[in-house]
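When the chains are written out, they are named A, B, C and D in that same order, and each has its own residue count from 1.
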Amino acid sequence: MRLKYVLNEVLVGLWRNVTMTIAMIITLTVSLTMLGASVLLYLQVDEMKDVHYGRIEVSVFLRDDVTDAQRTSLQAALQRNPLVKSLTYENREQAYARFQRIWSDSPVLVTAVRPGALPESFRVKLKDPETYDKLAAQLKDQSGIGTIVDQRELLSKVFAIFGSVQKLALVIAVTMAVAALLLVANTIQVAAYSKRREVAVMKLVGASNWFVQAPFVLEAMAAGVIGSIVAFAALYAGRSVLFGGPSGALTTVLTPIPEGNMWLMLPLLAAVGAGVSGITAWFTLRFYLRV
Amino acid sequence: MRLKYVLNEVLVGLWRNVTMTIAMIITLTVSLTMLGASVLLYLQVDEMKDVHYGRIEVSVFLRDDVTDAQRTSLQAALQRNPLVKSLTYENREQAYARFQRIWSDSPVLVTAVRPGALPESFRVKLKDPETYDKLAAQLKDQSGIGTIVDQRELLSKVFAIFGSVQKLALVIAVTMAVAALLLVANTIQVAAYSKRREVAVMKLVGASNWFVQAPFVLEAMAAGVIGSIVAFAALYAGRSVLFGGPSGALTTVLTPIPEGNMWLMLPLLAAVGAGVSGITAWFTLRFYLRV
Amino acid sequence: MIALENVTKTYPKASRPSLDAVTVGIEKGEFVFFIGPSGSGKSTFIKLLLHEVQPTSGRVVVNAKDVTTMRPWRIPHFRRSIGCVFQDFRLLPNRTAYENVAFALEVIGKTKAVARRVVPEVLELVGLGGKEHRYPHELSGGEQQRVAVARAFVNRPLILLADEPTGNLDPDTSIEIMRLLDRINRTGTTVVMVTHDSNIVNQMRRRVIEIESGRIVRDQARGVYG
Amino acid sequence: MIALENVTKTYPKASRPSLDAVTVGIEKGEFVFFIGPSGSGKSTFIKLLLHEVQPTSGRVVVNAKDVTTMRPWRIPHFRRSIGCVFQDFRLLPNRTAYENVAFALEVIGKTKAVARRVVPEVLELVGLGGKEHRYPHELSGGEQQRVAVARAFVNRPLILLADEPTGNLDPDTSIEIMRLLDRINRTGTTVVMVTHDSNIVNQMRRRVIEIESGRIVRDQARGVYG
């Protein structure tokens, strides 16, 4: 019976205190949207890091005077090597063709390099790009190798930027979580303030703390869940706008956000929204109204 | 007298409705901080665009078989040209040295280019980078010119990214402005709601609409100004953290924010804060309480 | 001074009218008791005079002004000529007794100096000397009621409406308040007082209007209660 | 049933105690009138019994429990054995008359079915049949007071405290309410009633405790008013 009373109370409460409820939902929506956006950004950059990481190759350039035997033995050694995921061979013509393609908008550089000036190479993808040093050590005594180039170093600037963006996203996420907490605490405090007479009357009639508090807390949590759903909808809409078609503002900067990450936001935001507002409501009533 | 009454009312009001006032200030602080941050980001990217734009050069590469006479005449023509801001000459050795320096971490490419394979060139800075086409047309009938390369095209990808970030900053700024409006409207609506009995009594005693509304609106505006000052302080602190020292999260991505732009935020945020909250308060009372 | 012409008021949720075709006239300077059982429409009558509620039909004229057709922006000014003691006091909860009374003076544009002179005097009159700086919740029921009385007459209105101004007062204090209202009435103010106190009505011997279920059932020049 | 031992209560802002070394005992099943001028401390007495305010010194015993030293978590349960009509009604503003009365039943864990049976009956008893679904602001002053009375006795408390329960009622309705309180008293409930109505006190001829400036000045077994 008591439970039914409380549930009924929550629904009626949500309906009656429309102003308060809407205030709380809007507050939560704004904060949760920002929170969700920063978490998505963080995940997205992670994903882009992975993609770039996955593309990283170790180029094993061969000496100009490499012999067929050396080449074959090196290829065999690389194919046997447990660190290696895949291996492609690029001869001088292929290397030049690729060079021309990549630098097509720098004609001066293209003309400066003779066909055949670029050495042949093995392009190695490692199972784990971090094991580059190991591979280099293992190849040390193989003859016929010119230089070994690890793209990781070339991409270090890109990764530094990714790192910065992630740090920033984290800072924003934490800031927004704190802001959400403050705003929700405030809204609830105001709600509690506007209900203080009612609470006082209930207590004078003999209502227990639990009886007074439960509907309030559940109401706040319901508002939290609704807010998180609206926030999710806003994020979804935002994604369509920012990534929609080639003219979307973010298509040049970020890879598209996968559906999976997107839907992950729903339970995350709902949990944060309900949790933050529920706990805040409980504490607010506890200390503010001395229920 | 009436004015004095109203001013007194505002101060007393701010003090008495501490809960409401703090709620409003926090709400405004959060929204205005985000708004300020996005505006700063927008300005900053603008600045970076300018810096990159200022560095843009047109490289006029000379043919391998260029004669001294052709070179001298071309130099004279460029120096006379009103579009040109500055001009430097780079011979083959200088070009190769520069190439080696820039590509030092791609040893394969460096070895693939012979010293002297890179052509000599005039590096031209234009007064306005956009006038590249004009310059190209004027140089068409000059002999001895190989290719003319406009860095603008090379940098187009960078500029596309800048453009995207600016668009995004604008979207966030507008979103935050709207969110601020919603949140403030809400807080004020809740404040008005909690004051509805008081307002009703005042009106029954014969207080005019102006008399009831003015303290309320001024109180909201005062909260707006305080919120904007706190937001400014938060931005200032945020700048120190994010750009502080080489370990700051943003030092690799953005150039440091100039003091000038920073201080521009103070009047901007104050105006937005006071304006939004004042107008919202007025409308809320007008329509919500039918003052 | 006050005239209701065939006024009917039916609240949205009510099944029957709270005032039913009431016609009544009150002259300048009169002292009128309004009596009747609980829920008969006495407070509704007062609320109509203040333009707090609008009649469903009929005309309400107060102070030679037709209240029903009055422009909204004229209402504040109109209300300043009427003092009202509400049944539920309606004090401003976050102002002290002094500030509550002073508010009625501020509204009509009096200076703080005037308030400082007049308000303590008036509070003394209703027996609240020394309690000026209490907030309403720090006063007893009867004390709150007396603050409401003080606020109603502090700015010397033309009309004084009092909805059970002695409901929370002991007989002695009630008589004090009645003496006060009588004195105010003698200075020319029209007084309409709703009451359930038969002793007071019987003692004062003034005009008595009795209302039952929204209809006037008695209107006697020097009447008694029941 | 109720015992105050040398109880003094001085409010923080007040210059003199509102209750001054009061010692009084009330037996189970008694009917006691509490009278005294406005501001003499009657409501403070009621508030002490409910643990709404704490005494500055002295002991308050209600229902064989020492209220002063009661653990906070026991208070709700303790209050459920006391019904109270507050001077300012204290109805829940966003609940209807029905819901306000039903609340007192919900609090003690009665089912909705019980409420549906009992509440309309009780509202009928106080003369509010047909007005169950009105919100407090849609009721007249006297009607609100009667809702408060209905809420106070709906859950058959051991003690009924009534702070001027007829202050906003006409004499006839007052007598109805008094009959009701009398009937409740006859079932064994202790009734303490604060009132300013001399007619009622004189008619009932019950124990009268008179208080003045916080001191008990009279305690008479079958007393009259003043």
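FYI, a contact is a pair of C-beta atoms (placed from the backbone, for glycine too) under 8 Å apart; a residue touches a chain by one contact, two chains touch by 3 or more.
All figures in this text were calculated on a predicted structure; none of them were measured in a lab.
A.B. asks: Chains shared as neighbours by chain A and chain C?
C.D. replies: Both-contact set = B, D.
A.B. asks: By mean C-alpha coordinates, which chain is most distant from chain A?
C.D. replies: The chain farthest from chain A, judged by C-alpha centres, is C.
A.B. asks: So, what's the distance in Å between the C-alpha centres of chain D and chain A?
C.D. replies: Their C-alpha centroids are separated by 62 Å.
A.B. asks: Distance between chain C and chain D based on Cα centroids, please, to the nearest Å.
C.D. replies: The answer is 28 Å.
A.B. asks: Any idea how many Å lie between the Cα centroids of chain B and chain D?
C.D. replies: 67
A.B. asks: So that we know how the chains sit together, what is the shape of their touch graph: line, ring, star, complete or other?
C.D. replies: ring
A.B. asks: Mind giving me all the chain pairs that touch?
C.D. replies: A-B, A-D, B-C, C-D
A.B. asks: Within their complex, state which residues of chain C touch chain D.
C.D. replies: 11, 13, 15, 35-39, 42-43, 87-88, 127, 130, 133-134, 138-143, 146, 163-164, 167-174, 196, 198-199, 225-226
A.B. asks: Can you list the residues on chain B that touch chain A in the complex?
C.D. replies: 19-20, 22-23, 26-27, 30-31, 34, 59, 61, 99, 105-109, 112-114, 117-119, 121, 146-147, 149, 153-154, 157, 160-161, 163-165, 167-168, 171, 179, 182-183, 186-187, 189-191, 193-194, 241-242, 249-253
A.B. asks: Which residues of chain A touch chain D in their complex?
C.D. replies: Those in contact with chain D are residues 1-2, 4-5, 16, 197-198, 200-209, 211.
A.B. asks: Note which residues of chain D are touching chain A in the complex, please.
C.D. replies: Where chain D meets chain A, its residues are 50, 52, 73, 76-80, 82, 84, 86, 90-94, 103-104, 106-109, 111-112, 151.
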